[in-house]
Amino acid sequence: MSDWESVIGLEIHAQLATVSKIFSGASTAFGAEPNTQACAIDLGMPGVLPVLNREAVNMAIRFGVAIGAQIDPHSVFARKNYFYPDLPKGYQISQFELPIVGKGHISISPAEGEHKEIGITRAHLEEDAGKSIHDQFPDQTGIDLNRAGTPLLEIVSEPDMRSAKEAVAYARKIHSLVRYLEICDGNMQEGSFRCDANVSVRRKGEHELGTRAELKNINSFRFLERAINFEIERQIDLIEDGGQVVQETRLYDAERDETRSMRSKEEANDYRYFPDPDLLPVAISDEDIARIRAELPELPEQKKQRYIGELKLSDYNAELLTANRDTALFFEAALIDSPQLSAQLVNWILGDLAGALNRTGLDISAAPITPPMLAQLVARIADHTISGKIAKEVFEAMWQGEGSADAIIEARGLKQITDSSAIETLIDEVIAANPEQVEQFRAGKDKVLGFFVGQVMKQSQGKANPGQVNAILRDKLK
Amino acid sequence: MANSVIGICQGLARGEFSSVEITKDYLARMQQHNPTLNCFISVSEELALNQARQADAMRAAGNAGPLNGVPIAHKDLFCTDGVRTSCGSRILDNFIAPYDATLIEHFKRDGAVMLGKTNMDEFAMGSSNENSFYGPVANPWNIQHVPGGSSGGSAAAVAAGLAPAATGTDTGGSIRQPAAFCGVTGIKPTYGRVSRYGMIAYGSSLDQGGPFARSAEDCALLLQTMAGFDPRDSTSSEEAVPDYSARLGQGIEGVKIGLPKEYFAEGLDSRLAAVIENAIDELRKLGADIKEISLPNTGLSIPTYYVIAMAECSSNLSRFDGVRFGHRCDDPVDLEDLYKRSRGEGFGAEVKRRILIGTYALSAGYYDAYYLKAQQLRRMIKNDFQNAFENVDLILAPTTPGVAFKIGAKTDDPVSMYLQDIYTISLNLAGLPGMSLPVGFVDGLPVGMQLIGNYFDEAGLLAAAHSYQQVSDWHLQTPDLES
Amino acid sequence: MTLKSDDIRNIAHLARLHIEEDAISDYVNDLTSILSLVDQMNAVDSSGVAPLSNPLDASQRLRTDEVTETSQRDKFQQIAPDVADGFYRVPKVIE
């Protein structure tokens, strides 16, 4: 592996979150009964014509601006001609020579502390095909054209990635960005965010690219990493055994964790691209672009830098918080109430909250604990009303819907004991009950202090302030 | 009974007859003559009578639209909801359109009655109406001869009095050439003037729908209904629609008319040339200023047109695959078989030829040499016209190189058929409006003269034609169908 | 430009058109003669000329993003060759 280098590029198809299709007024909502959202235009009926959805164009421009790319002032739609039953017109309306978005770039963090710029060659608009269902009928394939005509933004990266980890970091970054921009919901299970990987290998030091294989049918980041790693191994083994990599499309099989050549669907397809005569060039002015730029929300990179610069978060934490827009917004909402508690909030959000979300499979936007609720909990620790340990109990109770931090602390009587005389009384009781350990401590066994602290905490049901317990104990045991 | 659109409108308004009566009249004539002429693929008798009854009721209620009660025939290329729309092809023989073309909606809106769907060259590909799955159409002036194409059925129907007017489409001359061969008046509007939504596509950047009728006056009425912006067609123009009828009488005093020297050279039958000369003289007498112009790239127009039209149609016709509508072969063994046999059985030879050439022209390695080159030549041809229109208001030319030829005379050699389009094709490439009107006869067959206008000057064309038709009666002549 | 039988077979495959073997030579002849017609374009120098796609040189109009269509599945599927459970059906495709 060490003399070899892998070269990876990703093609991502992001389904744009418009309510209607790119060229017709049918709905794009997911999950409808077959062919109930396919109008005459989506069905490719004789005589129908496409008209372009303004919002799809706006969304593409938003993406282009966010990656620092040129927006073509006169992009052109082209027909990509091939026959397949889920492609009703026998051609897909896409963009070829003049895509709407040109060259851009995005920075990724494949591992803590690492940064890399990945180039994006272009992004263009096109229509999605329908779905072919192979398991509904014994000897036939069923065609559902609900999805036909849904707008896609095809984002093509430069072959700048050198490992599966980098590829996944890039895919996650694009995923995060399209969600930030509110142009795509990023739901990989429903197919609204699809990644295809182009993978090739070459010996280190070689400048020419090896022959690449295109990997498809990958619907999670985990599978993306596995598929790419499998393919790299496969290609290296093949070449080392004297074989040659063939340019082809390979499907990833998640069950067997391998890639397989597709049956000759790909026989060097001649798509016969030409400008679609039913559509005219899309004119985009500098004013259009400026307006869209002004309306952009704060983007992940900007947010991250702001967290580092103004809030003094670490690069790592800032990256994690900004990876998901909902997480960042949660954090910012909580900060409103308690701006001075940013460090603690970060820990709770990335720690206990993330853990609970993971366990229950919820999105942060559906969490039973709201930003103000979390802010209150953190404030109660900071003002010593409860200890950090008790706070975990309170968090669990909040998660189960028992109410706010204050309500729970009150109901369960969890307030920390900070009254010195009360603590002294507890300590006296414990000292009196454990003369042997007192001897041991006074004899020089420092560790025994922990035993006493534990006993006091137990006596107080964990509510005694640990710092005060420690100080008073030492004093009394002298 | 009246046989012009204007005459029918006036008769209906004066209560001389009802729409039901006049519709029945036309239906009877269709029944009598269609077996010989074969103008109609589908006759929508019940629908027509329902529409006629509705029109009469609207008129009685004081709600008569501009074409209320007027029977019209439609080329079988326009989708008509609930009525077969075949495009003259076996592949759509069983296709009942599930929606109305915008143009059909306009006619319904204005109260017209649909008599039926007219025969045509398959998918509008042809210049003689010999390429139809439903058999050739006969020219009413001489049934051994072709009516022209691709809108042969519509032109012949109007010429034979089986309909007072009809719609057609023109991609390379398919309204103008049959109008010339059948001795009727027809106009192809500016590209984008009439909506293409529901007009089954052949050459998307060239196709336009337009009317056939007995006079420019009638065409003006029809064009008024057909024209206008359609948000469902991205190539539809928002240019305002003038009142065509109001401008008919503007005369041609001082109008500068150019005669392109390339169109009056060899290749034009000398007897036709003589007939057209007479018509030109009439225009001079009416005050037109006739001058010679040049359209130097005329010779390139045929290859340029055919590359573009064939490339576009090869893609437009991919949707006819036996999956969602239309002809499907029996017992397909796999998907490939389904496609190949459904399409192989469904399409005629000319359509297959054009799909093959179009596919070839767009295929890897040939795009630059064919398609891209043709688009460049197209701009050069457009520029020729733009230059000419700096110095003239209208251009006058023959419509065809000869009169209607015999059925079967050109079917052995596709190229000789393509050369029929020499005078009509250029303006489709440029997107300009053009019309043909009858100006005489040679060997008992009509001769048409073509007028070409600048963008959106349909009113100028119609006015010029109208001026001529005020001092001539070629357009009033009708063939004797009993002979 | 002369075409050969194999060229016809290849293009026919790209276009998914079944052509009977005994018709292939007719197509070779017809298409060759059409291509000679088309080759006349090469007689002219068009370098530097901007291609013309749309006669009016206009720009694309944009449509508001809103749902304007309701399901007409029954109407559309009434004219379909083979439908079941709301799906269009074709011979099984193996991927």
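Which chain is which? They are A, B and C, in the order written, and residues in each are numbered from 1.
To be clear about the criterion, a contact is a pair of C-beta atoms (placed from the backbone, for glycine too) under 8 Å apart; a residue touches a chain by one contact, two chains touch by 3 or more.
If you're wondering where the values come from, they're calculated on a predicted model, not measured in any experiment.
Across the assembly, the mean Cα position most removed from that of subunit C is the one of A. Chain-level centrality, scored on Cα centres against the all-protein Cα centre, points to C. By the count of C-beta pairs in contact, the leading chain pair is B-C.
Subunit A and subunit B have CA centres that are 57 Å apart.
Each chain gets one centre point, the mean of its Cα atoms, and the points for subunit B and subunit C are 23 Å apart. Mean C-alpha position of subunit A lies 41 Å from that of subunit C.
Contact with two or more other chains is made by residues 14, 16, 53-54, 58, 60-61, 63, 72, 76, 82, 88, 90-93 of subunit C. Residues of subunit B in contact with two or more other chains: 95, 98, 205, 231, 234-235, 318, 321, 323-325, 335, 339, 359, 363. Chain contacts: subunit A has residues 40, 43, 45, 51-52, 83, 85, 141, 143, 270, 272, 277, 279-280 touching two or more partner chains. Residues 40, 43-52, 79, 81, 83, 85, 88-91, 141, 143, 270, 272-274, 277-280 of subunit A are the ones that touch subunit B when the two sit in their complex.
Only residues 7-8, 11-12, 14-19, 27, 30-31, 33-35, 37-42, 44, 46, 49-56, 58, 60-61, 63, 72, 75-76, 78-82, 88, 90-93 of subunit C touch subunit B when the two sit together in their complex. Against subunit A, the residues of subunit C that register as touching in their complex are 14, 16, 53-54, 58-69, 71-73, 76-77, 82, 84-95. Subunit B makes touch with subunit C in their complex at residues 94-96, 98, 191-192, 205, 231, 234-235, 237, 297, 299-300, 302-304, 306-307, 314, 318, 321-326, 328, 332-341, 343-345, 347, 352-353, 355-357, 359-361, 363, 369-370, 372-380, 382, 413-415, 418, 429-432, 455. Residues 78-79, 85, 87, 92, 95, 97-99, 101, 196-201, 203-205, 231-235, 311-312, 315, 318-321, 323-325, 335, 339, 359, 362-364, 367, 371 of subunit B touch subunit A in their complex.
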